[in-house]
Amino acid sequence: MSSLPLKVGIAGLGRLGKRHAQALAFNTRHCQLVAACSPVAAERDWARSELGVERLHTDFDAFVRDPQLDAVILVTPTSLHADQTIAALEAGKHVFVEKPLALNVPDCERVEAVARKHPKLVAMVGFVRRFDASYANAKAQIDAGGIGKPFLVRSQTCDMNDPSGFFVAYSAQSGGIYMDCSVHDIDLARWMLGNPKALRAFASGTIALHPGLAEHGDVDNGLAIVEFEGGARAVFYASRTLAHGHETSTEVIGTAGKLEVGHGAARDRVVTSDVHGVRHQSVADFFERFAGAFQSEMAAFIAACRGEKALTLTLSDATEATRIGLAITRSLRSGQAEAV
Amino acid sequence: MSSLPLKVGIAGLGRLGKRHAQALAFNTRHCQLVAACSPVAAERDWARSELGVERLHTDFDAFVRDPQLDAVILVTPTSLHADQTIAALEAGKHVFVEKPLALNVPDCERVEAVARKHPKLVAMVGFVRRFDASYANAKAQIDAGGIGKPFLVRSQTCDMNDPSGFFVAYSAQSGGIYMDCSVHDIDLARWMLGNPKALRAFASGTIALHPGLAEHGDVDNGLAIVEFEGGARAVFYASRTLAHGHETSTEVIGTAGKLEVGHGAARDRVVTSDVHGVRHQSVADFFERFAGAFQSEMAAFIAACRGEKALTLTLSDATEATRIGLAITRSLRSGQAEAV
Amino acid sequence: MSSLPLKVGIAGLGRLGKRHAQALAFNTRHCQLVAACSPVAAERDWARSELGVERLHTDFDAFVRDPQLDAVILVTPTSLHADQTIAALEAGKHVFVEKPLALNVPDCERVEAVARKHPKLVAMVGFVRRFDASYANAKAQIDAGGIGKPFLVRSQTCDMNDPSGFFVAYSAQSGGIYMDCSVHDIDLARWMLGNPKALRAFASGTIALHPGLAEHGDVDNGLAIVEFEGGARAVFYASRTLAHGHETSTEVIGTAGKLEVGHGAARDRVVTSDVHGVRHQSVADFFERFAGAFQSEMAAFIAACRGEKALTLTLSDATEATRIGLAITRSLRSGQAEAV
Amino acid sequence: MSSLPLKVGIAGLGRLGKRHAQALAFNTRHCQLVAACSPVAAERDWARSELGVERLHTDFDAFVRDPQLDAVILVTPTSLHADQTIAALEAGKHVFVEKPLALNVPDCERVEAVARKHPKLVAMVGFVRRFDASYANAKAQIDAGGIGKPFLVRSQTCDMNDPSGFFVAYSAQSGGIYMDCSVHDIDLARWMLGNPKALRAFASGTIALHPGLAEHGDVDNGLAIVEFEGGARAVFYASRTLAHGHETSTEVIGTAGKLEVGHGAARDRVVTSDVHGVRHQSVADFFERFAGAFQSEMAAFIAACRGEKALTLTLSDATEATRIGLAITRSLRSGQAEAV
């Protein structure tokens, strides 16, 4: 375990990239954010003025080979994740890459193959929910036998409706609602169930508010059932159209009890009683819901790079999430159950 | 235990009287509602046409001596409770009388004295909350030792604001907010704490919305602390001005845990999530909150009259509730702690 | 509207039959329970001694033709429902029959055909949840436009685990978990969504605790997705194995909000805070959960027979619930999506 | 607004001091923790090794005059607060001091007088709850008129029972349960009610589990009512003996609604349903409950020192909290209502 702080660079300074960059700059111990890479001048300026980052790159190849860097954080478009992760590993850098690792399994497997050649480098995919205090508590209760043997996960990722329909245009590159949203639930289900092998998937969806999704073969509300070897099951729900806020929740049902995480999505501890009833506000989006988890995630990455604490989350987990997400997406389009 | 149904008459057919009459006519086993007494023709008509009651009285004395009756239910003005209860007992009838038994202790004691002379007759005061399923569950948990030794009760009776201010005019005869509302909480506190002797009371209140109360020495929001022998304490809150509904709730704190009854006052099991947040509606008034308890209360009275199951609630409980309520009311006016 | 009470007889005095009989005898206005039919002597004795029923039958044909009866309540084995309902209608009686109407669609349609020939007789199937105050409130909110256009229902019927495995032996005649449990959710989904036509169903289940179900092709935890014409969707979950109680809950998601009914399944209004956390007890079974609804259901049947208030629930609703339940059950066995 | 980070030192590295020190070292922007003062060698070692602090003092006078420091954080025994705050101001340092400012009003006023002579220095008392996101949301709703005119605060600070009875020995110097715990609620009540002048206080308490408190004139469960000019009222509850966790909660009741903060004290978003019921865990102590608020509090102090954002919390608020807390404490001992 080194006593020197890890030197980190970040590529991609969109909304989520900025969030990670701030966490690294101000709230993560044992690291220094020393470089950033973005094709957007305003983003580079932000990194300099707000975070004090001095090494600013426009070219990813130069960035990833920057000799000052021990590790890189990739918050770039999904289509670039696999190649950039490989480039980082080959440049000898630890790498954190946002989810999903890729929109196809061969790309995931290419990354896994390269990573196996660099066993001393950490390669981590951003399944942020594993680092949320509530999900971690749930997992700990399961591991302690609190609910007996878990056999069913019900999990949802539901966003508040964005009337601008930003995600409609984005649908082409996001891989659709299951790859963009449910991939988190898929990863959670595998984690909570002890990583059983997924066998089959069935999906069905509908378009409630955003007809433009039809041309992408996408929906704004999607359901899916996944069957695992050994009998475990998962059912997922993803929505782009909630009226009250962002409600990410997960239920894990076992032979001796069940756990529920995130129901109601309360923003805080305030309840108002007035003419509208007894009510609380919900979190507005996943940034608000997972603000703490984003910090913990960065801390876990840094700790792993520094050899302090190994990750339980592996590249293989990311590959499986993509594999299952793709089978669900195929089922949405074929109308039939699809083998994973 | 008789196999014949108990023959019952009711005096007073205002809003609460009607509620009791319906319970007796349609939802209570082993009884027949055969007579009613009211000075109001419309109320007598209602009893005949809606409930099929044939023996209709305008004169209380004739009513209470009606030879057809085994028992009477008194839902008359508080100022009449003591004398009418005594008249009923002296006429050989079981008697149920609404709370409070009286607005002064000597009247309560007069009733107790007469009742002692008629040990075979049931005399019951309508502390309806003891018959609510939730309060009964709480009491059972306490009796089973679930919270250790209970030493503190926090209890409130809070009505939704009635802009008509009906209760302002009614304040003179109701005895004020503590005698009208808190008397229920006082009875609950004694019940939950195991009937300790009350020593002192301190009250403080305010007028938030109904200035007309000032001339009656009354308030629309009142707080009170009661000290019991042995160290137990109670704190009460009564309000006439809630915005969201009727919220009656009680907390009992013991050395090994605490119980809370009625928090949030949900009307039913529906939660709505929309632009106003995640919310439920509350019950509108005590009729809605205690609909089931009113039925159970009548059933308990009938069962006691028939000798099936003795009451734990006694006239002495009613006397103590009045005694404590009066001390609280004195304190509100004197500004000092008052001996009970 | 007759002023005479409706004369009612009941066939079947098992656990649920007794519940209905008590409601009719003691808690339902405008009716008299005058006859009962059961092959079991103890059940007939119970009806006589506890309910005062004097006309006791062992033979269903004699019962259904009893000239004293205006209406019959059938709480008999599912396999008898269709023929007994037809017999009742042909004998000129109003008829209430427990759900499901039949385990196959032709039997349902036979009943519908006979009912059409007796338009003055009421024929009602016991989808009790429609008479629950919370479900009724939810439906009213939807009808008032409170959640915009509803497009997704998520609904579950989950029983507390019965270690005796009673339902395993019963599986053969119950029609399996979807016909026995989810049929309620199916009916609710259709009701909440405005009766769209069901197109396809997909099911997947698992056996968590009761391996004996395998020989019946049944499961103890089942999931299903149903697709409706026009884009609406429903997802169902049925379980026999909950650890904490009976949790029936339903979520209806619309374009402007969502409603949730029954989450958490609180038994009452008590919350206990102790070493086990902050907690409430759940209802133990559907009898406890729907105690009030069973009474309202009987009242609605009597009111319909007396011409006071028409039912919105039709035999056709029952046929559709069976049709959808059967498609789900076929899908469980085929592993493929099945046309409804 | 300076672009240089503020140089900060901390005196006192007990449990809460360490918490503040970590926030300053790792989670607060625009500051550097450069010095620490403690008479305890282990604490100084911890500051060096864990936080990298190089300037370590044993002598408070040297510390407070350390020319490297712009600001000091005082987490020392209450009896030292006033004099140390004055010393810091006179040394030209901004100062943050833990609550309560002092256990008597003259000491508070001495600090206020010195602070008035140094108008460019920030002097802040650690009423951490004002910096909690939920309390801040509640205050914002009030300021926006969401509940009409607030007229009643009910607030509690309740700790999980510590069987070691640490606080019994500590009672002598803590000032008793009201000065130690309720002082937070007092400050909140004033804040939520718009700083009305307190007129009178009445207190009553009991000893449920810790008889040793009697010799200090202290209790382990205390109630108090405070009357404010203009009619507003507050009722406080402080306990040392909860079984389930630390439950700090506050209710603010206004003419058009009410707000509740912190009810149930959920540790996180996990609900477990098992044989013990449907339940959540509570926070264990105020560190867990206010982890985020401690960070926000430090950030607010630093921002104020740097001239970025003025504080609304003043020394006068601290004086009033002490003044009211003392009146409550006097009332506990006298048994009478006491003028504030």
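Here the chain labels run A, B, C and D in written order, and each chain numbers its own residues starting at 1.
The rule is short, and it goes like this: a contact is a pair of C-beta atoms (placed from the backbone, for glycine too) under 8 Å apart; a residue touches a chain by one contact, two chains touch by 3 or more.
All of these numbers come straight from a predicted model, not from anything done at the bench.
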| field | Minimum number of chain-to-chain touching steps separating chain A from chain D | value | 1
| Would you say B-C or C-D is joined by more C-beta pairs in contact? | B-C
| query | Counting only C-alpha atoms to place each centre, which chain is farthest from chain B? | reply | A
| Using mean CA coordinates as chain centres, what's the chain B-chain D distance in Å? | 42
| Hey, how far is the Cα centre of chain C from the one of chain D, in Å? | 56
| Could you state the distance in Å from the CA-based centre of chain B to that of chain C? | 38
| request: Indicate the residues of chain B shared as contacts by at least two other chains. | output: 147, 242-244, 256-258, 263, 266, 271-275, 281
| remark: The answer for chain C against chain A in the complex is residues 147-149, 151-152, 154, 200, 202, 204-209, 221, 223, 225, 227, 231-233, 235, 237, 239, 241-244, 253, 255-258, 263, 335-337
| Which bits of chain C are touching chain D when the two form their complex? | 242-245, 247, 264-266, 272-282
| Of all residues in chain B, those that touch chain C in their complex | 26-27, 29, 133-134, 137-138, 141, 146-147, 256-263, 266-275, 281
